[in-house]
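These notes open a run of structures that come right after.
Look at the two complexes coming up: chain A is in both, with chain B in one and chain C in the other.
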Partner chain A sequence: MDKKKIYSNWFLVPAMTIFIVMFLVPMVISLFFSLTVWNFRDYTFVGLDNFKMFLTEASLNIGIKNTLIYAILTCLLKVVLAFFIANFLTSKIKTKNILRSVIFFPNLVSTIAVGITFAALMHPSKGLLNATLGVLGIGPINWLGDPGLALYSVIGTDVWKGVGVATVIYIAGIQAIDRTYYEAAAIDGASKWQQLKAITFPLCRPAMNSIIILAFVGGMRSFDLIWSMTGGGPGFATDVVASIVYKQYGAGFYGLSTAGNVIMFIMIGVLAFPLQKFLLSKEVDG
Partner chain B sequence: MKNEKKLYLIGDIVGLLGALIIFIIPFGFMFINSLKERREANLLNMNWPETLQWVNYKEVFTANNSIVLTAFKNSILLTLGAVVVLIMVCSMAGYVLQRRRDKLCGFLNALVLSGLMVPPAILPTIWMMQRLGIYKTLWGMILIEVALQIPFTIMLYRGFMNAIPVELEEAGYIDGCTRVSLFTQIVFPLLKPVTATVVILNAATIFNDFTNPLYFLPGSKNATVQLTLYNFMGQYSSSYNLLFADVIIITLPMLVLFIFFNKRIVAGMVAGAVKG
Partner chain C sequence: MKSKKLLGLLMGSALVVSTFTGCGNSGGSEQGASAQASQTGDKVQPADTETSQAEKVTLTMLIDTDITLKGFQEVAKLAEEKLGISVEIETRPGGADGDTLVKTRLASGDMADICLYNSGALLSALNPAEYFLDLSSQDWIDRLDETYRKTVSIDGATYGVPYSSSQAGAILYSKPLYEELGLKVPNTWDEFIANCDVIKAAGKTAIVGTFADSWTAQVLYLGDHYNVLAGDPTFPEKFEAGEAKYATNSAALRSWEKLVQTSPYYNSDYLATTYDDGCDIMANAEAGHWVMLTQALSNIYELYGDKVNDIGVFGIPGDTDTGLTAWMPSSFYVNKNSDKVEDVLRFLEFYTTEEALDAYTSAVLPDGPYCIKNYQIPENGYDAVKEDMQAYFDAGKTSVALEFQTAVKGPNCPAICQEAVLGQKSALDYANAYDADCLKQAVQLGLNWK
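On to the complex of A and B.
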C-alpha cells in the first residue's frame, strides 16, 4: 500500500499549524525584537544594547547566575535523593505503595499553593520550621528574608515538590532490572551496598539521564515557585532570568524582556542540548 | 531471616515517619489553618482550631463578586477546550509521524521534540496574538496551551503507535476504508489507553498552569484559579485562613484526580520522561 497516500500529510497540518504559529514563529521573531526597543506597535533597532545591559547590570546578570545555581542544585538534589528513595521504595517494605503516592502527590499540587504554604512555614518569627528548630535551640533563621539564604530555601521547596517524579522514574528503571543479577551477586557474597553500586546504579543510568535532563531544564525555566515565594527578593537575591523577563515586561522594557527570553534559549541551547547528547552517547556505549 | 524482617519493619516505621513529617504536615498545615478564625490562623501554627470555621470556604467563594466561581468556570473551560483540541490534533499527527519514516516527518519530529525543552518566547507571542485578534481571549489561551503541550502529547501518541500492528490498517485498506475512516474507525479507538493518559496529564498541567495565563490572559474577568490564588496572596496577606481555604479548594480537584488515576498518572509521566 502507498504510505504517502494513506498517511496523508493533511493529518499533520492542524497540529503543526498551531505549533508553528503559536510557538515557533514567536520564537524566531524574538531573535529580532531582542535587538530592539519596542512596544508591540513600533520598534527602534538598538543592536546588542539589550544583551550588553543584561550582562553588565548587576540587577540583571544576577538572574543568569541564579538560574544556573537553581538549575544545577535542584537537578543534583533530585537525582541523588530520588535514587536513594527509589531504592528504599523498591525494597521489601510493606508500606511502599502508600509512601510512593505520598511522595508523588506534591507534584500535582499547584505551584502557587505550594509557594504560599512554604512561605508561611518559613515565616521568620511564627513559621513552623523555625518553631521546630527553636525547640532544638537553633535559629531563628530568616529563610526567605536573608539574601544569602533565600534562593536556597526556594530550591529546597522545589526539591520537595519535584523529587516524587524523579523517584517514580527511578522506580520504573529499577523494576526493569533483571532480578537474576541480584541473585547471582548475592550467591557470590556481594553485600547490599555492593549490589547497589555494581548493579542498580549502572543499570538505571537511562532513567537517571532522563531525570537529569528533565530536572535541569525544569530548573532553568522555573518561575512560578520563585515568584510566589519571594517575588525575586529580597532585593534581587532570588531573581532568575524568567522572573526578570516578567519584571521588565511589567516595567515596560519590552526589548530587555525579550532579550532575557533569548538568553534563556541560549542557555538551554548551550547547556541542556549538549548535556542530553552527552548523556545519550554514554548510554549507547554502556 | 528474622533480622531482615526486623530491618524492613524499621524501614516501614522510618519511612512513614519521614513521609508524615516531610510530606503530610504541610498539607495538614494548609487544612487546619483553613478552618481557623482569622487571628488564630495568622499565628501560623498547627494547633487544632478552637471552633471549626467552615464559613471560611463560603467566604472565599463569595468574595469579590464570587471571582473564585468565575475563575473555576474559566479554568475548566480552558482545560477542557485545550484537552479536546490536543486529542484531536495530536492523535492524528502522532499517528502519521510514527507510520511514515521519510525526511519531512523526521524533520518535524525533531522540531516538535525541541519544544519539550525550550520555553515560549513570551512577548513575541503576545504580539502574535494581538495580530490574530485573540489576545486576552479564552480561545487564544486555549491555543497557547495546546501549542505548549503539543510536543509532549505527540510524543505520547507516537510512542503508543509503536505497539499497534500496521496489519490492521493494511486489512482496512484492502477492505476499502478511506484514509480518514482508517484513522477514525480503526486506529483512534485503539489509542484509548494513551488518550486517557493524555487527558489526565494535560488536564493537571493546564489546570495548574500559572505563568502562561499570567502573560496571555490578563484581566479580572478572565481570571483562572491559579491567578485568583496569586491575587488573594496579596489581598489576604493578613487573613491566612481565607488564603489557605483557597489553597485547599484548588488542591482538592487534583487530589480527586490522583486518587482515581494514580497508576495512570505515574505511568504516563514515566513514559513521557523516558522517551523524551
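On to the complex of A and C.
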C-alpha cells in the first residue's frame, strides 16, 4: 500500500454512500420523471412536453420572470443598504452594540411569522401601514392586492428581514481592514466619502461577494415568504418558480412539477456559477 | 491496514443501516403491532358483542377548517354512546394548501382513517382507487341518493358518504339592505348589475369579495353553470371529450364575462378579506351581495343564530332567466390502509341512518336537500333554503355544477378567477388560461385531448 497515504479510501464510503443515495440517485430519477406524466404509480413518457408547457404557458413562465426580478432586486438592495448600515455601525457611535442587535433581530424571527405579520401590517383597510400613511394624507395603498405592486411589497419585506445578515458579514469585513490605511488617508487630507470609496469599498470586496452570492441564491429559491404573504396572488402576480412547482405538485401534476424543479436547478446553476467566477476575479488583496 | 479497511466498512454500513431503519420505523412496525393486538383481541372474545362494543375505539379524521362542525359533533357524540367509537379530528386548511396536504398524506401513506374531501372532479384527481375503500358492496350504500352517488363513483366503485346536505352556489343577499334601498330580487344578470349600481351609489359595498381565501373567487364562475347548460345542454360531454372549450363556446364564455363585469363592485380590501369575515359582513348587513356556497348559512347560523334569516338567496342570474346550480356535499372517504376499516364502516353506516341525520339537523340546519334517500328536511330550516332555494327545486330549475358532471377541473381555477375579478385583461384571456389549465388535468387523467 502507498505509504504516503495516511488514510484509507474506505473512509470515503460513509459520505459517498449518503451522497449517492440521498443526492445523486434522486437527481437522476427526477430528471427522468420530469419527462413523464406521472401519478406515483405509473407514468407515460412525454419527452420534453412538460418543459415546453412550463416555458410557454403564461401562468407558469411568469414565475421565471418574477424569480429573476425577486433575486436581483433583493440581492441589490441588501448589498447596497447593508454596506451603508455596516459603515454606520462600525463608526464611533455609543449605542453600537444595541443597534447591531436591532438590525440583526428580524433574521431571528421565523419567515412565516414575518410573512403573516407583514401581510397584516399591509392590510389595505385595517393595516397599520396604511393607517399611518392615512394620517399623513397618503393612500390607501393596496400593498399586496395591486398586481403591479404586490411583488415589490414582498421584496421590501424580504430586504427588511435579510439585511441583518448582510450587515453582519460586512461588519466583519470592514473590521478586518487595517486602520493604518485610514490614518494615512486622513493625513493626506482625504474626506470621509473618499475614504469610503477608495479604502472601505475595495477592501471589503470579499465580504461583498459572499453577500451577493448568498442573497442571490437565496432570492432564486425563495418561497416561504411569498407563500405566507400572498400565496402567489393576486392571480399569478407574485408567483415564483418555487411556488409554481408547489402548486403543480398540489394539483397532482407530479411530472410537470418535477420539470419545474429541474428548470429551477438549471437556472440557479447557470446564473450562480458564472456570477461567482466573475466576482472572484474582481477581488483584490487587502 | 486490514483493520482500517474493516473499520471504514463497518462505519459505512452502520451509518447506512441506521439511516434506513430510521426511515422505516415510523411507518411499519407501529401499525403492525396494533393490528396484531386487535387481532388477538378478537380471538380472545369471539362473537361477544357486548364487550367489544364497550371497548372504546378512536378513529382519526382529516377535515378542513372552513366546514361547519357542529352537526358532525352531535352525530359523533351519539356514535360514542351507541357504538363506542369516538372520532378525533385533525384539521387542515381549505383550498389549494389543503389539496396539497391531502395528496401528500395519501402519497406518503400517512392518511387518517377517514378523509373528508370534495366530491366530483376533485375526487378523481386524488386517484381514489389507489387509496380509498370501495363501498359499493356495503348493504347500506343504497341509502345514498343516485345523483350524489354518481359524483363519488368512478369505474363502478363508490367511495364516498355525504358529510352534510347538498347546497348551492348562489348569491346571498342582505334583505335589510334590499328593503332600505327598495330593491327587488333580480331575475336577469342586467337587473343584478343594476341593483349593484344602486347599492354602490348609496355608498355601500355591492358585492363582498372574500378572496383572501382564494377558493371563494371561483363560486361565481362555477355557480353560473346552470346558465351555461341553458345555453348549451351538451357542453359537459363535449367539454370532457375535449371538443368544447370555454374560450370558443359562447354560452360558457359568458361565465367569464360575468366575472370580469363584477370587478367594480367589490369592497376595497376584497383580496385581504377572508371567508370568515364574509360571514360577519353578511350577518351584519354591511354588504348587498355575496357570491357564495350556501354552506355559509350554517356558518352564520352557528355565529349569529336567527340573524341568518336576514339573508336571502337567488341563483346566479342568466341573461333571460335564473336557475340554481347545486353542489354535492364533501364526502367521507375510507383510508384503504387503515387498520380500523371495520370500525370506520360501522361509523359510516351509522352516519347514514335517520337517527344520525336527526342528530345532525338538531345542531345545523340543511343548506339544501339531503343526499340520503327519503330523508325529509326539518320544518325549521333557514328561510333562504325553505323558501328561496326550494322554489327553484319545485320549478325544476336546477342543475349540478360542472365539477360533478365531468372529471376535469383545472386546479388553478381559484387563481384564474381571482385574476379575472381584477379585470385587467379580457374575459377571453381568462377563458383561454382556464382551458390551458384544464388541458393539464385532462393529460394527467389520461384523457385524449387535442
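Couple of notes before you dig in:
We take it that the second predicted complex is superposed on the first by the 266 of 286 C-alpha atoms of A that agree within 3 Å, B and C clash if a C-alpha of one lies under 4 Å from a C-alpha of the other, contacts with A are read in each partner's own complex, and residues count from 1 in each chain.
Throughout what follows, a contact is a pair of C-beta atoms (placed from the backbone, for glycine too) under 8 Å apart; a residue touches a chain by one contact, two chains touch by 3 or more.
Being a predicted model, the structure only gives us computed values, none of them experimental.
In the superposition on chain A, A:Tyr249 makes contact with both chain B and chain C.
In the superposition on chain A, A:Gly139 contacts neither chain B nor chain C.
Judged by the touch definition given at the top, the superposed model places A:Lys126 against both chain B and chain C. In the superposition on chain A, A:Glu57 makes contact with chain C only, while chain B stays out of contact range.
In the overlay built on the shared chain, the residue A:Phe40 is in contact with chain B and with chain C. More residues of chain A are touched by B (comparison of chain B with chain C).
When the shared chain is aligned, no partner comes close enough to touch A:Gly156: not chain B, not chain C. Once the two complexes are overlaid on the shared chain, A:Ser8 sits against chain B and chain C alike.
Applying the stated touch rule to the two superposed structures, the overlap between the chain B and chain C interfaces on chain A comprises residues 1, 7-8, 11, 14, 18, 21, 40, 123, 126, 246, 249.
Chain C meets chain A in the complex at residues 1, 4-5, 7-9, 11-12, 15-16, 19, 96-97, 99-100, 103, 107, 125-127, 130, 211, 214, 268-272, 411-412, 415-416, 418-419, 422, 424, 433, 436-437, 440-441, 443-444, 446.
Here chain A touches chain C in the complex through residues 1, 7-8, 10-11, 13-14, 17-18, 21, 37, 39-41, 44, 53, 57-59, 119, 123-126, 140, 142, 144-145, 147, 231-237, 246-247, 249-253, 256, going by the rule given at the top. Put simply, chain B touches chain A in their complex at residues 8, 11-12, 15-16, 19, 22-26, 29-30, 33, 42-46, 85, 88-90, 92-93, 95-97, 99-100, 102, 104-105, 108, 111-112, 115-128, 130, 132, 143-144, 146-148, 150-151, 154, 169-170, 173, 179, 182-183, 204, 208, 210-211, 214-215, 225-226, 229-230, 233, 240, 243-244, 247, 250-251, 254-255, 257-258, 262, 265-266, 269-270, 273-274, 276. Within the complex formed with chain B, the chain A residues making contact are 1, 3-9, 11-12, 14-16, 18-19, 21-27, 29-30, 33, 40, 88-89, 91-96, 99-106, 108-113, 116-118, 120-121, 123, 126-128, 131, 160, 165, 168-169, 172-173, 206-207, 210-211, 213-214, 217, 221, 223-224, 228, 242, 245-246, 249, 254, 257-258, 261-262, 264-265, 268, 272-273.
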